[in-house]
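In the part that follows, the structures are each spelled out as structure tokens.
Shared between the two complexes below is chain A, which has chain B as its partner in the first and chain C in the second.
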Partner chain A sequence: MKTNTLKLIKYQLRDVMRSRWVIFYLAFFILVTDALFRFGGSGDRVILSLMNVVLLVIPLVSIMLGTMYVYNSREYTELMLSQPVKRGEMFSALFAGLMLPLSVTVAAGIALPFIWNGVLISHLAALGYLIGTAIILTTIFSALAFMIALLTEDKIKGLGLAVVMWLFFAVIYDGLILVVIYMFSDYPLQQPVLVMSMLNPLDLARIALLIEFEASTLMGFTGALFQRFLGSTGGLLTIAGVLMLWISLPLAWGARRFVSKDF
Partner chain B sequence: MIQIEHISKSFGKLDVLRGLDLSISPHEVTAVLGPNGAGKTTLIKSMLGLVKPDSGHITINGKRINGDASYRSGIGYMPQNARYPDNLTVQEIIDMVRDVRGNPEDTDEELFHAFNLKTELGKKFKTLSGGNRQKVSAVLAFLFRPPVVFLDEPSAGLDPVSSSCLKDKIAREKSNGKTIILTSHIMSEIQELADKVVYILDGLIHFEMTVTELLETTGERTLERAIARKMKGAA
Partner chain C sequence: MKNLKKRILLLLSLLLVLSVSLLASDREIRVESSIQLAIDQSEPGDVIIIPAGVYEESGITIETARIILRGEDGAVIDGMKGGAHIIVIKADSVQVEGLTIRNTGLSHVRDLSAVRVESASGVIIRDNVFEDSMFSVYLSRAKDSLVERNRISGGGDRESNSGNGIHLFDTERITVRENQIHHHRDGIYLEFAKEVRITDNIATDNRRYGLHYMFSRDSEYSRNEFRRNNAGVAVMYSQEVDMSGNIFADNVGPASYGILLKDIDNSLISNNRFLNNTIGIYSEGSNGVQIEKNLFERNGWAVKIWANSTRNVFTDNAFIDNTFDVATNSRQHYNTFERNYWSRYDGYDLEGDGIGDVPHRPVRLYSIIVERNPISLILHRSLFIDVLDLAERVMPALTPETLVDEYPLMKSPLP
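Now for the complex of A and B:
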């Protein structure tokens, strides 16, 4: 009986689609994408530039909004759980109520300017790939947001943790890899570094995009490693698998916690 | 009939309920009283399955609470502060709860009309005043004619007219055979509505008496005085 989930999602989507942050988020992607076209970019160049925006902004927005969303839904969650609704159903509804609107917003915000600039069809594959990666990142960082918000009841602490986690994956982690490479430069590092970059979903997404767009000059050390060791297809498949783990593990933990927790 | 057997619950180092036993008779209004932080809300939330007791059992209408959700279709609940999704209208909130309850035909809209909520139906939840939020929440507690109703501080934030509407409703539903459990800090309200008073102190039942018994044994005229005397006698 998962039907309660669908019923709840229907109302939550109505709620979220009317909220201001969705409109801002949509406007942001439309403006950025359109601006990139205006500054003389061809479709290919716009996609490459968007890649960096996607890698930076989506994890930040998903994890921050997501953490806020879970805290703000607390009373609502409590009320629905006092109805004949199972905890698992409520958890799925809450997650979908965050992840679906965020994904749709990103997809629409990126795709719309391609439509009115008349290059949608010619760039369909690359655009689809970019949007797909964007949605995977949205899902991963929404899942991490659920994890954080279920870890601590303290909203300020939770939001702080969300910022730190984003900083860690987006900035600090690359620094750490560099430090490791520098410190152990006398040793063969390919495999350890390969494993290290698997532990960062953002790195993985970046590498996946770079392999696909064959922007090897931008690929950096880890990207080149992936391609050399696994080949393009093997590398991509490995990345896809690990990214799925990055979705399912935090979600599984969150769901378990949600089911056993006190409200 | 609600049977609570020896439930304990602690939050970290704080023992909120310490092996509390209680049986709540059907077709009566039972008031759960006690100082702030005595464990009233935790007790109610345990019965709703929102809080999972560390030990002990709760049986409601012959069904033991074990994580299954279906028994809650027989319960109406009005929490201390209700907050639904901000951008849903009152109508949508009512529809949503109706949906998860399987859209029963026969609903009780008495309170909805008594509160005159029709004018609020199209308004978003976030624009409602505190009192109107409470009203929506009260309407939902009774809407599906549940045999058991929990009311946590029902009249907090309600204006006198609405508050007396709600009290009338509680009295009527009691005579319709509903089992009602309420908490309140307003003793006159409890005296008016409740058959039985359960007083919780430090996570245990301190005493459990009918309102008449309580007044008679203490020789006081109001419930407030009677409880004050009883507590003084205990100390």
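Now for the complex of A and C:
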């Protein structure tokens, strides 16, 4: 069974490599990171700027590419499922075939310019943290892409849904938080707002990065309260736990759907 | 010109003190067992040599003028936490140098000090090491004195059970220079001081302020370094303060500032560097302050200026990678921002004269949102906030209309 999955992943990877988007994606990250170095940034400043890129680009690309990928693999999936291949194996292979190249591309695209600018070792910890967050975001939004693509057969509808979902997590949700903050400004809001932010994977990743890279701002008046909770071991474990939920829940739903789906 | 005159006067008076004390040192007394005994036997002009060893004494009182208390290497005066001042200077032109002085103990009633100067002038305290004392150097009603090259570390682990490193109360013409002060409540504390110069000191890790400056006038602090102090530096209720060439770094915390300005008039803040502080300059009720050629880099808020601050001028500063460059609490605003460099500036310079063609508005809408609802800080770096900021920049509705840099620089004016 293991060998089946591995074999399938191998085919998927070969397929992905043949299509050019991975190359573009890699080139994009290398170009951006290297440009940030060229515009006079030190390693620290580059990481700070990359933070924005990671939070903006990765969810968008992962969810869009992911949705397209599942739709495009449909015929191949049907063919494979007519063979003695378990559906669970096929699902794992499909997901790995998307998530692995995306993650490796992001990691390489960010890390390579650090290597040839000679600051990899001095920024290893910070870079690891950033890349780790980037990979988690990639995984979550790939999982969401699978969910969308399995939800509807209609490609256009699916892609539209992907855009809306990204907009929701990246923009609308934060707008809602702000509305809540303004509407209930007379009440103690720290905990509700904290919980609300926790429910959005993008906010969670953003806050995890802020704690690490921009603590001086967060240490302001209210920020100290967040810092106390989120900066503690318990807080970081909570963040990690919720992020894991954000990966496993869509995947579990997707897998169940995939197994029972009538292709 | 006025300032120069003062400086010369100060220098002359210091020289006078020095020369007088040099001329008069005619006799040497070596301490055998008790320092107090040696002092009691001394006459003006004597040098009292303290050989190496630990002297468990406190309440040493000096009432003989012009004597020099000089420690040889390894001379330690230990107050044994006895709850008394260790050395009290009540006579003019006394020098204390080369000693290690420690352990005053703690009192909630008296300000226990390792060296205390009471109503004396021409005192010099130099090259000493102070350890674990409530107050290390305490000058009360002193004049024309010098505190230099001391290494001072405080005792106590909280604000409430420690005192200040160098404490100046009602003093005139004092120079404090090249001292290192850490783990006190306030590194250097001034109250009712006149013509005091504080230069080249390093104050780090103090429980409250690195420098605490109250009700003083006509004074200067420059080329000092203030790092990781719990609340940074506070300058309050003072006039004509010259603050130049200092470094304010890593003062991070819920109430932590590079400089806290409260009711400051007609002062100068120039050539300082503010790095990685929660708030670089916090200004409340300050008027006519010239803020020029400073670097603000990677601060949470570079400048937080309340609407009750007026006639302040910000020019030739560089604001680089701060979360908020300028924050304020009102749309009314009577300060000037001109010819600063803003790393956030996205205008262009067609003529190539180094000045951006589009005015820059340094107050982000988001900073106003955070001001009203501090909790919205959790949305920092959200795309939604960027969209809001952009909309506001295109059509300002909430940010102060008049807080504009009409001539933003394209390049940092600082080396």
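The criterion applied here is as follows: the second predicted complex is superposed on the first by the 248 of 263 C-alpha atoms of A that agree within 3 Å, B and C clash if a C-alpha of one lies under 4 Å from a C-alpha of the other, contacts with A are read in each partner's own complex, and residues count from 1 in each chain.
In this section, a contact is a pair of C-beta atoms (placed from the backbone, for glycine too) under 8 Å apart; a residue touches a chain by one contact, two chains touch by 3 or more.
Everything numeric in this text was worked out from a predicted model, so none of it was measured.
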item	value
Partner chain(s) touched by A:I207 [first = chain B, second = chain C, both, neither]	second
Touched partner set for A:A108, first chain B, second chain C, both or neither	neither
Chain B versus chain C as contact partner of A:L56, first or second or both or neither	second
Which of chain B and chain C A:S197 touches, first, second, both or neither	second
Touching partner for A:M80 - first (chain B), second (chain C), both, neither	first
First (chain B), second (chain C), both or neither touched by A:D174	second
Chain B versus chain C, judged by how many residues of chain A each one touches	C
Doubly contacted chain A residues - partners chain C and chain B	none
Residues of chain C touching chain A in the complex	252-256, 276-279, 298-301, 321, 323-324, 369, 372-385, 387
Footprint of chain B on chain A - complex, ascending	4, 7-8, 10-12, 14-16, 18-19, 73, 75-76, 78-87, 89, 259-260, 262-263
Chain A partner contacts - residues on chain B that touch it in the complex	9, 11, 45, 48-52, 67, 69-73, 75, 77, 79, 81-88, 92-93, 95-97, 99-101, 124
Residue numbers on chain A that touch chain C, as the complex places them	45, 48, 51-52, 55-56, 170-172, 174-175, 177-178, 181-182, 185, 189-190, 193-194, 197, 203, 206-207, 209-210, 214-224, 226
